[in-house]
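Okay, so chain A shows up in both of these, paired with chain B first and chain C after.
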Partner chain A sequence: MLAEIGIVTLGLAFLAAIYAIIASVYGARIRSERIILTGRNASLITFPLLLLSCTALMAALLTHQYQIAYVWQVSDPSTPTFYRFTALWGSQQGSLLFWCLLMSLFTFFATLINWRRNRPLMPYFIAYCMATLAFFVGLVLFVENPFVRYWLTPDLTANSSVLAYLFIPPNAQAPEALGLAQTARGLNPLLRHFGMIIHPPMLYLGFVGFVIPFAFAMSALASGDLSTNWIKAARRWSLIAWLFLSLGLLLGGRWAYDVLGWGGYWGWDPVENAAFIPWLMGTAFLHSVMIQEKRGMLKVWNMFLVIFTFSAVIFGTFATRSGLVESVHSFAQSGIGIPMFLFWGSITIISVALVLWRWNTGRLSDERGFAGMISRESLFVLNNVVFVALALAIFWGSFGAPILSELVMNTDITLGKSYFNGVTAPLFVALYILMGIAPLSAWGATSARRLGKSMLVPIALTLITLVITFVSGTRDGGALFGYGVVIFAGYVAIYETYRGAVARRKNTGEAFPLAMIAIFGKNRRRYGGFIVHLGITVIGIGVIGSTLFQVETQRTLAVGETLELSGYTLRFDGLDMNQIAEDSRVMDIANLTLLRNGAEIARLRPRHDFFPQATGMNQMNIAGSHSTIENDFYVLLASSANDGSTVTLKVYINPLINLVWWGGIILILGTLISVAPSESVRVKERESVGSRMGAAA
Partner chain B sequence: MATWEKSAISVPVRSSRSGERLKFLIGGLLILGAVMYLIISGTLTGASYFISVDELLSKPEYLGQTVRITGAVLGDTITYDTETLTIEFTIANVQEPYDDLALALNHAVNNPNASRIRVRVENQVMPELLQNEAQAILSGALDENGVFHASDLFLKCPSRFIEGGPSQAELSDMGA
Partner chain C sequence: MKIQPLAPKSQPHPLAPSPKIGEGGQTPPSCPSPNSGRGFRGEVRKRTPRWASLLAIVWVCLIAAYPTLAQIAVTADDVNRVAKQLYCPVCPNETLDACQTQACVQWREEIHTQLTEGQTAQQVIDSFARRYGERVLATPQDPALRALSVYTPFILAGIALVIAVLTFTRWQRANTSEPHPPTPSPKGETDTRNDSYRSILERDLRE
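Let's turn to the complex of A and B:
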C-alpha cells in the first residue's frame, strides 16, 4: 500500500509540474489571470504531493517493508530507528526523491512570498522552477524509482535474482517478508554518523535553493522586466541557499574528519569540489548583486553568474550521481548520467542564449561606467574575477583536464593535491586581501590616500598580532604572511563595525552597546556581512595552522606504555574487545590517557568498528580526540593484537583546527543576521500593506 | 544616509575616459595572464598519467615517474606491518573496457595471465576497503625492483554498490 501511495503521488506531482509550466507560460502570453492562477496552484500542490511520497517511503523504512527494493538495500532489522530516518537519503533513489521534495519546498515558499510583490515575473518563475522539478521528478519516476518492489516468479531458476518491478508482473507473487528481512543489506557504515544525518540535507538545500535566484533571473529575461526587481527578489533566496551550502560544506568536512580517519577535512576530492564550485560562484554573485542594486552596473555579468552558479549545481549533481568521477562520495553507476548531462547542457545553453538575446536588444546596458580604479565597484569586480578564476581552476583540475585529456589525447591525466594547493593558494591570498581593502573603499571613487588612511588602524593591529605570534614561537615566514593577510581582513571587519557604532553614538547619544545593536538592526546586510568576513578570517587561521603545522607519529604500545609528542604524553591503559553496539556493530575500543606536564587532561577512546552483516565496506576507524582552541589531539586505533595486549596508534596533532568549525559557526551567524529583514524594510513593508489596506477600504 | 556610510558620487558617468578604460584593460589582461599562468604551470607540474598495470609495465619511460594506476587487489597477498604501518599487496591488471566493474575485478583477480605489480604503501593506517577484489587507485612510482611505491591509496569496493536484489534461492531457503 505504501508503495502505491508513493508511486501515485509521485506521478501526480510530475503531471502537476508539467501542467504548471504550460499554464503559466500560456496564461502569461494571453494575459489570462485565471489560467496563470491554475498554473500557480498546480505548482503549489507539488510540495504536498512530494511530501506524501517521501512520507510513504519513510513509513516503509520505519515499518520494515523489505519487499520494497530500496528499503531492502539501505536497512536491515538491526538498523536503529534513528538511521532508518537518515536512510531516506542513504542511496541514489531515496536521495533523489528527497532532493525533489526540497526543491518543491523552496518553490512553494518562494511562490507564496513573492507572488504579490513580483507579480509580472511569477508566471515565468513558476515555469522555470517547475521545469527543473519536472525533470528531477521524471528521473525518480522513470529511471530511479524508490518504490520498485521484489517479486518471485515460479518459472525462474532458484539462483536467479528476484524480479524488481514497480507493479506485479504476470504470474509473479510477493516474496515472504521474513526471508527478505534476513538478507537485507543494511545502511552503508560510512553513513552511520551524526554528520551524515544533517550534512546531505543541508547540502541539498543549498543546491536546490539556487534554483530560486536562477528562476528569477530567467523570468526577468523572459518577461522583459529587466529592472532590479529580480535582483531584489533573488538576493535573499541566494543568501538562504548560500547559507545551507556553506553549512553542508562545513558539516561534510567535519564528517570526513571524524569518520574517514585520515586526520584531515578537505581532500580536493572531485565531489567536494563539485559542491565548492557553486559556493564560489554564489559568493561572487552575492557581492556583485550589490553593485547592480546600488549603481545599476554589471547587469549582464550578474545574469551570467546566477546562470553558472545553477549550472554548476546541476553539473555537480550530475558528476556525483552518474559515476563520472572516482570518489568516496560517488553513487553507483546508473542510467541517469545521460539525461542529467543533456539537462545540464540544455539549461546552460538556453539560459546563455536568453541573456545574449536581451543583451543584443540593448536592454541590459549598464547605467554607469567605472569612475576610477580604486572604487568599491572596481574592487568588487576584482573580487568577482578571483572567485570565478578559483571556480574555473578547480573545475579544470577536477573535471576539465581529466575529461579533455581522455577525449583529445586518448590518455587519462589527473591533477592531484599539488595542483589544487599550488593554484588556489595565491588566489585565496588575493581574496583575503580584497576582503580587507574593499569594505574600506567608497562607491564611485576613492583616493589612494584616503583608502591608505583608513587602513592604518587595521594594519597596526595586524602588525601587533604578528609580533605576538612571532614572539610566541611561530617563525615560518609563509605562515606569518598567511596569518597577516587573513587577520588583516578580520580586523577590518571588526574596525568597520566599531566605527559604525561610534558614529551612531555620536549622532544619537546612545550608549555604545545600544548603538552597536542599533546599527545591526538598521543595516543587517552590511554588518551581517562583516560577521561573515570575520568567520572566514577565523576559518583561514584554522586552515593555515592545521595545514602547515600538523605533526603526526605512530607507535605500538603495550598496556602501561606511553608515547611522547609535542609535550603531550599518551598512555595505553587497555583494550575493550568485542563490544557490541545497538546496531550490532562489533567494536574494539582502546582506553588511553592523555597527559600534559604530568597532569591528566583527557581520556580518549579511539575504536575500530566491524559490521558483520554489511557486505563490502564493513569496517571503520573512529578517532578519539581531545579538542581545544589550541589544537586537536587526534588518535586512530590502527591495529591491535589478538589478545588485546598491544595496540598500534596513529596520532595527529592538528593545531588550530577547531577554528575551522568555530569560524563556520560565526559565518552561519553572520549569514543569519544578513538574511533577516532590516528594521527599515519591515517598517516600509508595514506601511505599504497599511496603505494597500487603506486603499482597499 | 547616515554620516558613517561612505558617500557615493551621484552624477552618473556614462562612459569612462579612454585612459581609465585602458588601465582597466591592462589590469584585466594582467589578471587573466596571471590566472592562466597559475593554471597552466599547475597543470604541467601536477599532472600525472592515469594508466593501467599493463601500460605501466610495458613502457619503460614510466619507470620512476609519478603516475596513477588502477588494478584489482588480490586479497591473499595483503600484508600489514603494524609496527611501521607499512601495507603491501599485489594488484592485477583490469581488462578495459568493461560494463560491470565487479565482474571485471573478479576476472582480473582470477586470471593467472593478468600482469601483476607488488604495491607498497608506507605510514598508512590499514584502509577499511582494502580487501579481495577491491579496485585500488594509486599514485606513486615504480622502482627498478618492480615494486610500486604508492603515496596515495584510494579504494573502491563495487560489491557495496551492487544494487541487485536477493536471489530466489535465498528467499526460498529462509522465507518459504
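Let's turn to the complex of A and C:
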C-alpha cells in the first residue's frame, strides 16, 4: 500500500508540474489571470504531493517493508531507527526523491512570498522552477523509482525468481518477508554517522536553493522586466541557498575528518569540488549583485553568474550521480547520466541564448559609467575574476583535464592535492587581499591616499600580530605571509564594524554597545557580511595552520609501550576486540592514554569498524581525538595483531584545525544576520505591498 | 630514502695491501730486513698490512651488512611519505597512504620492499606509474599532460584578468568621452569623492 501511495503521489506531482509550466506560460502569453492562477496552484500542490511520496518511503523504511527494493538496499533488520531516517537519502533513488521534495519546498515558499511583490515575474518563475522539478520528478518516476518492489513469478525457478517491478506482474506474488529481511543489505557504512543526518539535506538545500535565483533571472529575461526587481527577489534566496551550501560543505568536511580516516577534512575529491564550484560562483554573484543594486552596472555579468551557478549545481549533480567521476560518494551512482547531461546542456544553452538575445536588444546595458579604478566596483569585479578563476581551476582539475586527457590522449590521469594546492593558493591569497581592501573603498571612486589611510590601522594591527606570532615560534616565511594576508582581512572586518559604531555614536550620542546593536539592525547585510568575512578569516588561519604544520607518524606498539610526538606521549593500554554494536558492526577498539609532561590529559579510543553484511566498502577507521584550540591530537587504528598484543597507530597533530569549525560557525552566524531583513527594509516592504494593495483596491 | 654504499665495490681501497705481499697482507717472516726500524720501505711493508687488513675486514663486514642496515632504516613514515604521492589504482581518488583496502595494504608493503632494496622515492613512484599508468600520480609525468594540466588554469585566470582590465578600460573610456552628469543612484545618492567617512557610511547604510 505504501508503494502505491508513493507511486501515485509521485505521478500526480509530475503531472502537476507539467501543467504548471503550460498554464503559466500560456496564461502569461494571453494575459489570462485565471489560467495563471491554476498554474500557480498546480505548482503549489507539488510540495504536499511530494511530501506524501517521501512520507510513504520513510514509512516503508521504518516499518521494514523489504519488498520495496530501495528499503532492501539501504536497511536491514539490525539498522537502528536513527539510521532508517537517514536511509531516505542513503542511495540514488531515495536521495533524488528527497531532492525533489526540497525543490518543491523552496518553490512553494518562494511563490507564496513573491506572488504579490513580483507579480509580472511569477508566471515565468513558476514555469522555470516547475521545468526543473518536472525533470527531476520524471527521473525518479521513470528511471530511478524508489517504489520498485520484488515479485515472485510462478514460472521461474527458486534461484532466479525474484524480479523487481514497479507494478504487479501477472500471477506474481510477494516474496516471503522473512527471506527478504535476512538478505537485506543494510545502509552504506560510510553513511552511518551523525553528520550524515545533516550533511546531505544541507547540501541538497543549498543546491536546490539556487534554482530560485536562476528562475528569477530567467523570468526577468522572459518577461522583459529587466529592472532590479529580479535582483531584489533573488538576492535573499541566493543568500539562503549559499547558507545551506556553506553548512553542507562544512558538515561534509567534518564528516570526512571523522569517518574517512585520513587525518584531513578536504581531499579535493571531485564530488567535494562539485559542491564547492557552485559555492564559489554563488559567492561571486552575492558580491556582484551589489554593484547592480547600487550602481546599475554588470547586468549581463550577473545574469551569466546566476546561470553558471545553477549550471554548476546541475553539473555537480550529474557528475556525482552519473559515474562520470569516481569518488567516495559513488554510492549514489546509476544510469541517469545521459538524461542529466542533456538537461544540463540544454538548460545552460537556452539560458545563455536568452541572455544574449536580451543583450542584443540593448535592454541589459549599464545605467552608469565607471568612476575610477580605485572604487568598490572595480575591486568587486576583481573579486569576481578571482572567484571565477578559482571555480574554473577547480573544474579543470576535477573534470576538465581528466576527461580531456582520456578523450584526446587516451590516458587516465588524476590531479591531486599538489595540483589543487599549487593552483588555488595564489588565487586564495588574491581573494583575501581583496577581501581586506574592498570594504575600505567607496562606491563610485576613492583616492589611493584615502584608501591607504583607511588601511593604516588594520595593517598596523596585522604587523603587531605577526610579530607576536614570530616571537611565539612561527618562523616559516610562507606561513607568516599567509597569516598576514588572512588576518588583515579579518582586522578590516572588525575595524569597519567598530568605525560604523563610532560614527553612529557621534551622530546619535548613543552608548557604544547600543550604537553597535543599532548599526546591525539598520544594515544587517553589511555587518552580517563583515561577520562572514571574520568567519572566513578564522577558517583561513585554521587551514594554514593545519596544512603547513601538520605532523604525522605511524608506529606499531605493544601493550604498555609509548610513542612520543611533539611533546605528547601516547601509551597503548590494550585492545578491545570484536565488540558488536547495535547495527551489527564489529569493532576493534584501542585503549590509549595521552600524556603531556607526564600528566594524563585524555583517554582515546580509536576504532576499526567492520561491517560483515555490507557489500563494497565494508570497513571504516573512526579516529580518537583530543581537541584543543591549539590543535587536535588525532589517532587512527591502522591495524592490529590477531591476538590484540600489538596495534599499528597513525597519529596526526593538526594545529589550529578547530578554527576551521569555529570559523564555519561564525560564517553561518554572519549569514543568518545578513539574511534577516533590516528594519528599514521591512518598513519599506510593508509600505510597498500596502500601497500596491491600496492601488489594486 | 636512498642509502649509498660506503665505497664503490670495484675500486680497491687506497689503504689495501699490495697483492705482492701475500695473502692477508702479512710479510713473510723469512725476509727480515737488515735495516729494521729505520723507516725503509721494507719496514713499512711489515707494519701496514696489520691495520690495513683490519680496515679491509671492517670494510668487507660493512659491505656484507649493508642490506641489513638498509632494512632497518625504512620506517612506516618513509612508506607513507611515498604513498601520499600516489593514488590508489582501484579506489576512487584516495591516496595510497589513506586507503584501507587489502590491495592498498599490499601496495604499501611493496613500497616498503622497494625502499628496503635501496630504491629512491622517485624510483618507486616511477615504477608504480609504469605499471598502473598516469592516474596513480597526483600530477602527470608526461610533459604534454603536465603542461596541459598545470598551466591551463593560470592561462584561464590570465584571460579572465585581461577581460576584466579591458572592461575597466572600456568603462573608463566611455566615462571620459561621454561625461556623465552626476547621475543620482536609484536612491538619490551623489558622488562622494571627498565626503567624510560618516557620510559614506550613511550612504552605505541606506539600501
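Basically, the second predicted complex is superposed on the first by the 678 of 697 C-alpha atoms of A that agree within 3 Å, B and C clash if a C-alpha of one lies under 4 Å from a C-alpha of the other, contacts with A are read in each partner's own complex, and residues count from 1 in each chain.
Just so we're on the same page, a contact is a pair of C-beta atoms (placed from the backbone, for glycine too) under 8 Å apart; a residue touches a chain by one contact, two chains touch by 3 or more.
Keep in mind it's a predicted model, so treat the numbers as computed, not measured.
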item: Clash or fit (per the criteria above) of chain B with chain C on chain A; value: clash
item: Contacts of A:I459 with chain B and chain C, given as first, second, both or neither; value: neither
item: Touching partner for A:A389 - first (chain B), second (chain C), both, neither; value: both
item: Contacts of A:V8 with chain B and chain C, given as first, second, both or neither; value: neither
item: Contacts of A:L152 with chain B and chain C, given as first, second, both or neither; value: first
item: Partner chain(s) touched by A:G444 [first = chain B, second = chain C, both, neither]; value: both
item: Touching partner for A:Q182 - first (chain B), second (chain C), both, neither; value: first
item: Chain B versus chain C as contact partner of A:Q619, first or second or both or neither; value: both
item: Partner chain(s) touched by A:P270 [first = chain B, second = chain C, both, neither]; value: second
item: Chain B versus chain C as contact partner of A:Q554, first or second or both or neither; value: both
item: Offending stretch of chain B which, after superposing on A, collides with chain C (from 2-10, 92-100 or 164-172); value: 2-10
item: Overlap of the chain B and chain C footprints on chain A, listed as residue numbers; value: 261-262, 294-295, 326, 328, 367-373, 378, 382, 385, 389, 392-393, 396-397, 401, 411-416, 418-419, 422-423, 427, 442-446, 499-500, 503, 507, 522, 554, 556, 619-621, 639, 648, 650
item: Of all residues in chain A, those that touch chain C in their complex; value: 228, 260-263, 267, 269-270, 293-296, 325-328, 330, 366-373, 378, 381-382, 384-386, 388-389, 392-393, 396-397, 400-401, 404-405, 409, 411-419, 422-423, 427, 442-447, 454, 499-500, 503, 506-507, 519, 522-523, 525-526, 552-556, 619-621, 639, 648, 650, 678, 680-681
item: In the complex, chain B residues that touch chain A; value: 2-4, 6-9, 12-16, 20, 23-24, 27-28, 31, 35, 38-39, 41-43, 45-51, 68, 80, 82-83, 85, 101, 123, 125-126, 128-129, 137, 139, 152, 154, 156-176
item: Residue ranges of chain C in contact with chain A within the complex; value: 75-77, 80, 85, 87, 92-95, 97-98, 100, 105, 133-140, 142, 144-145, 148-150, 152-154, 156-157, 160-161, 163-164, 167-168, 171-172, 174-175, 178, 180, 183, 185-186, 189, 191-193, 197-198, 200-207
item: Residue numbers on chain A that touch chain B, as the complex places them; value: 69, 72-73, 150, 152, 156-162, 164, 175-180, 182-183, 188, 261-262, 294-295, 326, 328, 331-333, 367-373, 376, 378, 382, 385, 389, 392-393, 396-397, 401-402, 411-416, 418-420, 422-423, 426-427, 441-446, 499-500, 502-504, 507, 522, 554, 556, 615-621, 636, 638-639, 648, 650
